[in-house]
Structures are given as C-alpha cells and as structure tokens.
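In what follows, chain A forms one complex with chain B and a second complex with chain C.
Entry: the complex of A and B
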C-alpha cells in the first residue's frame, strides 16, 4: 500500500463530505439556481472526485487483482461524469431561465439572452 | 402529519431491527456453509477444465452456456416489446418521409451542451463496446453494453434533434437492419453446435476459448457482440419513434384542433 492508496482514500472521504454538503444545500438553499449549485457540488465533489479516488486507490493497492482494469474504468467514468454534469446543470438552469419558471433571481445576467430569442 | 411520520418511523425501525436480527442469526456474513455442489459444478465448468468456456465471469457463462435457451427467450421478450412499439407507431412509406422532414428549424440546445454531447457520445460508444466485449471477463455483457450504447443516440436526439441523427444516417430502417443482424447472429451462433453433434446453444468444446493467447470465452464473445448490436439498435429505433413530434402524428391521423 503506497501513497496512492492513502491519497485515493482521502479523495473518497472528501467525496462523502461533498455529498453531505450537497444534500444539506439541496434542502436548505433558498431558490432553484443555488440549489442547482448544491446538486452539482454533490455530483462533481460527491461522484467524480471519489471515482478518481477509487482509481488512485486501486493503483496503489498491490494486493488487488486486475487493479489496472478497475483504475481505468473508474477514471473513464469519472471523466464522463466530470464532463456531463456541468453540461446538464447548464441545460437545466438555461431551460428554467428561458421558461421563466424561477421568479427569484435578484441579479439576472441572462436577461439580454432572453430578449434575443 | 405527525402521526403519519411516527408510523413511518416505526415501520422503518421495525424493518431495520428484523433485518439485523436475520443477518445476525442466519450468519450471513459468518462462515456459512461453503460453496454448494451446484456452485462448485458451475465454477469448475466455466473456467477450469477442458470442457469449459474459460470465462472467469461465471454469470455470463451460465447465462449463455448452461441456461442459454432461457436467455434466448428473455431476449425474445425484449424483441417482442420492440416489435410491439414498432407496430403501435407503424407508418406508410409516405408518412415515413413526412415524419423525417423537419417542420421548422428544430430547436437545439446551447453550444455548451452540444459540444459536450459530441465528446460524451464518442466516450459512450467506447465504454459500451468495452462493457459488451469484456462481458466474458468482467461483469457486464451484451444487454448492458447495448443499453449503454443506446444512450448515445438518445443524447444526440436531446441535444441536437431527431432530424440530425437521421441526417447522419441513423434512421429507423438502419436501426432495424442492425437489430435484425444482431438477432440473426445470435441465432446462427446458437445453431452452430448442432453441425458437430453438439446440443443447441452449447459451445464449450466447439468454439475456441482462446485466440492468439487472448481469452475470448468460446462463443460468449459472439453472443455478447450480437446482443450488444441488437439491443443498442432496438432501443435506438424505439427512441427515434418516440421522438416524432406530436404535431406530425396529429397531421397524419387527421386530428382537428
């Protein structure tokens, strides 16, 4: 068990904390956009980071059979989540803004976009 | 409200207590009674021995070798479901053409989503192929890989439009042809053992377990590949049908507003 093992384990713990904070934020934050931010914290911090952690942990675990396969699969899944989640959040926020479903935002940087369409 | 929450809490706690009791008293995580004779048979005959598929992933080996006919009928159920939805959405040749024409410029999502979709579609193709073609080595297999494959056209439909997918050559007819090739492949691979006095869908002594020193698990890789093709294309056909706009159908059926 090398440094990689402990580094990976630490990343997994960070992921658990991010999941907890994401869940808390999803429950307690006031409006849709900030809640979306909390959800994204839960996905990036709580899914992508632990997946990279699993990859490092598997690389560092000498006793594990097929550890390169596990590390590779985790890494690819982590990259996919890392790419897909921001795009999904962006699409959700854009759609909510365009449909004028959220009345609360005090600062509206997308107002000019709405006027264009 | 409070009473309901209390009842829910009591039910959950009782269930948790019962489960804990069951786990502790049945020694689920204890020594147990070891591998049963049937399990031993499957373990020995899926990887070790001369008459084995040499597949470390015993589940795939059982699914396609020892219970192949069972799996064949499960696959048949899936294809009946696809055929059913194709029948519900059946269209004449002119109507097919009509459905392929975009009424106005279809709304697409923002450039951010579209660019990310481009990257992710390629990744999904690679990952799904890996799930399917590794089916005899790692958990996964044809059906799982095919389901993952079907996400790629679904993402294209969502981020771009159905017409973009059809414009790039993946229309319903092509999807159905691919699906039929997959189904035909499964049937042919299942029938090959009959030629050399084997049983139907039995494969261990007939198909090579290794090619160039690389474990391919006898017929398992062929089954997985064809199932991958068939499931992915089948789902794609259904997704294409489901993404036909309602206005088109209203127009075709002559529904007055």
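Entry: the complex of A and C
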C-alpha cells in the first residue's frame, strides 16, 4: 500500500509549488482579470490537487488512526473545491465587469458584444 | 525509515511553502486596489487554509480538522456569490 503513500506525497509537493506560484502571480500581476488566472493556478493546483493527495496518502498510511474517514472527507472536499471555485471566480469576474470596477482593460470584447444589440 | 518519519520529513519542506503562500495572499488581501481583488485574495486564502487543514489532520492524526476544511471551502464560495450579487444588482436579497 505504500505506492498510494508515495503518489499522495508527490501530489502534495506539486500542490505546494503551484500554491507558491499562484500566490506570487496574485501579488505581481497588474490587473484584476490577469490576477484571476493566477488565482486559478493557486486554487485548482494549490488546493484541489493537495486534497486529492491527502486522500491517497491517508489511504496508504498505515500509522494513521481513522485513515478512511480522513481520506473520504478530504476527497469530498476536493470535489467541492473543484466544483465551487470556477463558479465563484466566474461570478466575480462578471460582477467586476458589470460594476465597472477595473480601470481601462485593454481589450473589452464583452462591451463590444453589448454595443451591438 | 518508516512511513511516518518519511511523512514528517516531507512536512518540513511543505509547511514553510504553504506559510509563505499565505503571507503573499494576505499582502494582496490587505493592499488590493478594488473590492474584487480583496474578495479574490480572501477566496484563495480560505481554499488554501482548507487544503492545509487536511494536511494538518494527517500531521496531528485527528479526524476533526477535516470537517472544518469542508466548511471553509463552502464559505469561500458563499462569499464570492454574495459579493458578486451585491455588485451586480446593489442588493443581496432575492
């Protein structure tokens, strides 16, 4: 069962690196719509992937009490993050465009579409 | 080398990376120019604290931390939806 442990450990390391890069991008990118890309890296790569990694690692770890409960709960939390975060980010981007919060985005296809009809 | 000591050796590398990412998200959440930047940073922070709590549940060998992780993930989604609803229609109700 230690194959599952090593697979989960690799997913946790990948998730930690994606989380660091997402945080750096969220701090350094210039615009809200560009920062949304870094937030996607930080959420999907930095939260959903380590949760699946914890699920696999807890299945493979034999030193852990209640390991099936930890694995199942973290798997369900990973699926919830995977479903909820794109919907939330999409709603936030739509609201930012609708309320005209971001100053002068360079290319605005949505406004051109709205002007047509 | 047993699996438990290998896990604690892995945690010595993973936990500082997560803490550094939390600090960077918190800087963006404090100095974000518009309200959507703040909400996006708090959203990333809550999802990452959820993942970090699942890791800490294995670290401390406790089941109860993972239920808090589920609540944190759902709370981040709720914050997004309510702020977006308020920005679009200037009210939160139906």
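What to note about this one:
Note that in this section the second predicted complex is superposed on the first by the 109 of 117 C-alpha atoms of A that agree within 3 Å, B and C clash if a C-alpha of one lies under 4 Å from a C-alpha of the other, contacts with A are read in each partner's own complex, and residues count from 1 in each chain.
Simple rule for what comes next: a contact is a pair of C-beta atoms (placed from the backbone, for glycine too) under 8 Å apart; a residue touches a chain by one contact, two chains touch by 3 or more.
Computed from a predicted model, the values in this text were never measured in an experiment.
In the superposed model, A:87 lies in contact with both chain B and chain C. Touch criterion met: A:76 reaches chain B and chain C at once. Number of chain A residues touched is higher for C, counting chain B against chain C. Judged by the touch definition given at the top, the superposed model places A:45 against neither chain B nor chain C. Shared contact residues of chain A, touching chain B in one structure and chain C in the other: 66, 69, 76-77, 80, 84, 87, 91, 94. Of all the residues in chain A, the ones that touch chain B in their complex are 66, 69, 76-77, 79-80, 83-84, 86-87, 90-91, 94. On the chain C side of its complex with chain A, the touching residues are 2-4, 6-7, 10, 13-14, 17-18, 20-22, 24-25, 27-28, 34-37, 39-41, 43-44, 47-48, 50-51, 54-55, 57-58, 61, 63, 66-67, 69-70, 73-74, 76-77, 79-81, 83-85, 87-88. Residues 109-110, 112-113, 116-117, 119-120, 123-124, 126-127, 138 of chain B are the ones that touch chain A when the two sit in their complex. Across the complex, chain C is touched by residues 2, 5, 9, 12-13, 15-17, 19-20, 22-24, 26-27, 32, 35-36, 39, 42-43, 46-48, 50-51, 54, 57-58, 60-66, 69-70, 73-74, 76-77, 80-81, 84-85, 87-89, 91-92, 94-96, 98-99, 101-102 of chain A.
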